[in-house]
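Structure record follows, encoded as structure tokens.
When the chains are written out, they are named A, B, C and D in that same order, and each has its own residue count from 1.
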Amino acid sequence: MTITLGPRPTEVQVEPQRIGTLLWMYRTMVRIRTFEERVADLVDAGEIKTPCHLYIGQEAVAAGICANLRPEDTVWGGHRSHGHYLAKGGNLRAALAEIFGRATGCSGGRGGSMHLIAPSHGILGTVPIVAATVPLAVGAALAAKLQHRDIVAVAFFGDGTLEEGHVHESMNIAALYRLPIVFVCENNLYASHMHLSARRIKETLAEAGSFHGIPSLTVDGNDAEAVSHCAGNIIQRARSGNGPSFLECLTFRWRGHVGPSWDTDVGVKRRDELKDWLPKDPIARTCRLLCERGMSEDHLAAIRRDAAEEVDAAVEFARSSPYPGPDRIMDHVFAIPNSAHA
Amino acid sequence: MTITLGPRPTEVQVEPQRIGTLLWMYRTMVRIRTFEERVADLVDAGEIKTPCHLYIGQEAVAAGICANLRPEDTVWGGHRSHGHYLAKGGNLRAALAEIFGRATGCSGGRGGSMHLIAPSHGILGTVPIVAATVPLAVGAALAAKLQHRDIVAVAFFGDGTLEEGHVHESMNIAALYRLPIVFVCENNLYASHMHLSARRIKETLAEAGSFHGIPSLTVDGNDAEAVSHCAGNIIQRARSGNGPSFLECLTFRWRGHVGPSWDTDVGVKRRDELKDWLPKDPIARTCRLLCERGMSEDHLAAIRRDAAEEVDAAVEFARSSPYPGPDRIMDHVFAIPNSAHA
Amino acid sequence: MREINYAQAIREAHAELLANDPRVFVIGQGLWSPWYAGASLKDIDREFGRDRILDSPISENAVTGAAVGAALAGMRPIVFHPRMDFMLLAMDPIVNQAANWSYLFSGQISVPVVIRVSINRGGEQGAQHSQAVHAMFMHVPGIKVVMPANPRDAKGLLVAAVADGNPVMYIDDRWLYGELGDVPEGLFETPIGKAAVRRAGEDVTIVGISFMAREAERAGAQLAAQGISAEVLDLRSLKPWDKETVLQSVRKTGRAVVADSGWHTCGAAAEIAATISTEAFDHLLAPVKRVALPDAPAPTSPEQEKAYFRTATHIIEAAAAILAH
Amino acid sequence: MREINYAQAIREAHAELLANDPRVFVIGQGLWSPWYAGASLKDIDREFGRDRILDSPISENAVTGAAVGAALAGMRPIVFHPRMDFMLLAMDPIVNQAANWSYLFSGQISVPVVIRVSINRGGEQGAQHSQAVHAMFMHVPGIKVVMPANPRDAKGLLVAAVADGNPVMYIDDRWLYGELGDVPEGLFETPIGKAAVRRAGEDVTIVGISFMAREAERAGAQLAAQGISAEVLDLRSLKPWDKETVLQSVRKTGRAVVADSGWHTCGAAAEIAATISTEAFDHLLAPVKRVALPDAPAPTSPEQEKAYFRTATHIIEAAAAILAH
């Protein structure tokens, strides 16, 4: 039983995306990468303690999907959601402060890296119980339908998440109620230390949706333009009332399951895989594409510089922010205080 | 969205089964039918109180599968398992006494209709939590593999059961560990009052296995010979170490979800469906087949008479058996009494 | 006021909530069936349409999760489980998600979901169709638990649960569906967290939960006939529970029986009994007694069922025992 | 005897059980990982092969169910959950199935499954990676629950759990993995249902559960330094729990503190406190005090984490309070 290391040929003909979209995706990916590399350093330095699951290498997925979303559309993630949060418009400073456990964090210091929120940007909460937000995303899509609003829910999840049964339950419900939802499976070949081939015998994941009557396809998840193209179609499909789709994005995480290590210790195989995947860097690839399409290297360098400065400032902000008080541990057990009238 | 009422054409070329097998299946189906029609009457009469989910109409599935099993093979069922129990060799008298709630019942009066057991016949317990025994069956298959025994586990479950996510988890695990198990999905078009079309948008169920790399096929579940033919192949496949299969059996339950009513009150649709399905009676069909193959009507009539007599005697036995004592309610909370050494 | 039964009161609460607030919808198993929810949702789909009354596939986890997600997205879902046993498949969306969400995000988002579940037991259904595990949810911070014992509260607590804005588990009991009582028309709330004094008394306090609150009333009446003056409280809310009312009563009577329809060990009655014993320590004249299910699964056959379930008789025995202390 | 740590003791128990009994196998998440189970299963797959040490897909429900099924079919599985939070997805196979099977079938079949789970909290992991909900399982008839607090019992209780032949939940605590202690080589059993007296005393009984038993020992030592003689019990088994030893101690001291690492309301300490209060009523000189988690999910940031979790200090405060009563 073998799993091809490189992406399978995509099943789609990619239409060129607008230059503005490409630039937006480039900037988004650069911000994610810069943010996370800094997080990695700060974990190494012992300054960040909360478990951080880095998205480095997978940025094209979040960027490509979110390029097609509106602020009121919701996205749902898990333990590895820095990228989803930033791509959907979450405040970078607030995320870093959250990872530092500070009261100025997006979750008020109650969540850490694995629990991010930005309600005004459609990020209603990411949490690290595998698969937990998939049914929640279905519920958000159901709400949209009942409210007659043309908004879409996106459930981001990993290849391993398909092993949780309620993801299958969720897909059936979404299909049955014809909900405006897109299931985005980021197949990075691993669930923590376990390669896909140690967890199932079939390589393909896109069929997960087919059983439930959901149109399903596979795309090169390191190709931002391809992801954006597919996402554009299926999000439009959802938005216009034609129901859910399933998109498998083939990608690879560069770092370990959790923390900044390169995780090559889980096996020789991974070292070889990394060698294959590093050259497929989604950011370098988009950079090349933008140059080909006439964007100046200076402009792109400015984007990278801006991101670095933004992250520098965020680190300062986080460092200088206070922790939530130890006397406040009983706050917010309930969001609506002591009243029956919200 | 429509669901064909009749079975879809089977995907298999049915080989004629041996006359002994056909006769065994006929006798098995007649015993199940006779038993359950009596149970229906006794429920109507108020003598039986435990909820009874009748299998009438689906007998060819249990008979066709179990015709290919050995005593040490295990079968796993649910709320509607009188047929599985009897076909696998469970004692008829003990089942009826159980349904009467008597101490002489197969479960000592602790289970009623929905909890049947016959360990020496490979029936290690049927229970009414939908889908619960599917992972258990996987575990029995895993045990067989670890014990290096060539025994097979059969998980019987309904179409509705596929809506529980852990059935999908179970199939993946069975495929991954290449376990000797057969998933038998009895698609009777209903899960209690809900038609399949109200629960999913796609008619086909056999694909459930394909996603996990499990060979999957559909058969006319009212054709005992066809079921037996398919079961023979896939059980052999499992027994010889080649892993799981998935078999969808298209069938129909004649009576209500629970109890003896004809359940036509759940909708006009069901009345029409019944009209289609009654002529497909698996027992009449096997009877005709046996006659065609030279069996005398007298012989078949004797089988029916024997079954009626057996059931008469069982009713007497059950009626005259005692209830388990009210002072024994604390017994058997644990099977192994107060000792660390089984 | 008119008398209606407990099931009708539940149905009326649903109907008025659905009519009053477009954010309210109902999802769960058996909503289009005449049987699953007894009379408590009879024809509700015909009245409000199957878009808002969603009978679901057999997918407790995802369906409950979808209700939680819809709540996060601004709806007021009532997700229905016809039995507690089935709801055990939905522990993740309830315990890990709904209960934690507000806390995790510092109250920036609320989860106005009502998780409705029926205790459905007896009738020779057996151990997997009998369980009353409300104690598990009482244990979990971030979720409220209410258990009405009469028609008025069956309505008022459902209205309060939907209005509350936080996750609320609403637990009804099929053995109470036929109970009659006065129920106001129109929306009204039974306050969450407040017990009701069903009978005033001096000699012993009986705290009843859900079905056992009704049995406690019966026990109170029978004890009165024997010249014993019991104060009978219907706890109504399990979390938060009304410590003040309970302690005030016990400080007066000096004796307490706590009656619950769940299992004995680590059940809801354990919490009440432990709290009374500690906080009314100096007022207690006798040990607190619990009346709860034996620590065994539910049997199936009729004589064993009868021996297993608790009724007013057990409460009377317990009261007598501590009165004799 | 040699000293090894708690994690090593767990590993040794596994290794000896696997070597001793071909029916034993291990299944669950993280078994081939160097991290999931800490050092408690280090390289166990290399020693016994990946046929018997099955690292599983992320399918808590089906994996636990498969362990139950394998147990019914004659094996002695240990199914491992690296966190209690994840195990909530497996309530059906545990609560509805494993716990009920013997009862439902009148003891004709046993379920010799060990459900092993780790309490894993702190370190800024947050509310969904922190929960200690052992009380939920203590509530359920038909399943035994053990919670070792030192290396010797970590080994002895695992051996006893596998030998028991009934469903046993074995709960360890990552905060104890580094604890050192004497542990005999070879298979031996710590009896299920027996508490251990860790320190004899006269003034107050401290009943500790799991990690809080260790804290209770520390508290006992510190109290001794202040001239207070505490009797410290390590409960070890939550179900059945050793009522006799606990009551005997409390009847002697007249005072009790119960310390648990779960939530306060309806937690394990509630059961112990309620039972002591009722059954040692005439011997109690002061109200029983519970030391348990506040009724809130676990926070994430370091100062709040510190304020949230309980230690010896809280036990000492509680003891002081009731000694002053």
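Structure notes:
The rule we apply is simple: contacts are C-beta pairs under 8 Å (C-beta built on N, C-alpha and C of every residue); 3 or more make two chains touch, one makes a residue touch a chain.
In this text, all values refer to a predicted model and were calculated from it rather than measured experimentally.
Distances between chain centres, each the mean of the C-alpha atoms, put B farthest from chain D. Chain pairs A-D and A-C differ in how many C-beta pairs are in contact, and the one with more is A-C. Our note on geometry: chain A versus chain D, Cα centroid distance of 37 Å, whole angstroms. Measuring from the averaged C-alpha position of chain A to that of chain B gives a distance of 45 Å. Chain C and chain D have CA centres that are 30 Å apart.
Here the CA centre of chain A is 40 Å from the CA centre of chain C. Taken residue by residue, chain D touches two or more other chains at 57, 59, 61-62, 85, 89, 92, 96, 100, 103-104, 126-128, 141-142, 294-297, 299, whereas all remaining positions touch fewer. Of all residues in chain B, those touching 2 or more other chains are 109-111, 115, 127, 129, 132, 163-166, 169, 172, 176, 199-200, 324, 333, listed in ascending order. Taken together, the chain B residues at the contact with chain D in this complex read 74, 76, 107-111, 115, 117, 119, 124-125, 127, 129, 132-144, 146-147, 153, 165-166, 169-170, 172-173, 176-177, 324, 331-336, 339-342. In the complex of the two chains, the chain C residues touching chain D come out as 61, 85, 88-89, 91-92, 95-96, 99-100, 103-104, 126-128, 131, 133, 135-136, 138-142, 239, 262-263, 265-271, 273-275, 277-279, 281, 284, 286-290, 295-297, 299-300, 325. Those residues of chain A lying in contact with chain B across their complex are 163-169, 172, 175-176, 199-202, 207-208, 210-213. Residues 49-51, 101-103, 109-112, 114-115, 127-132, 160-161, 163-165, 191-194, 198-200, 265-266, 323-330, 333 of chain A touch chain D in their complex. Within the complex formed with chain A, the chain C residues making contact are 25, 27, 51-52, 54, 56-57, 59, 61-75, 77, 92-93, 96-97, 100-112, 141-142, 144, 160, 163-166, 189, 191-192.
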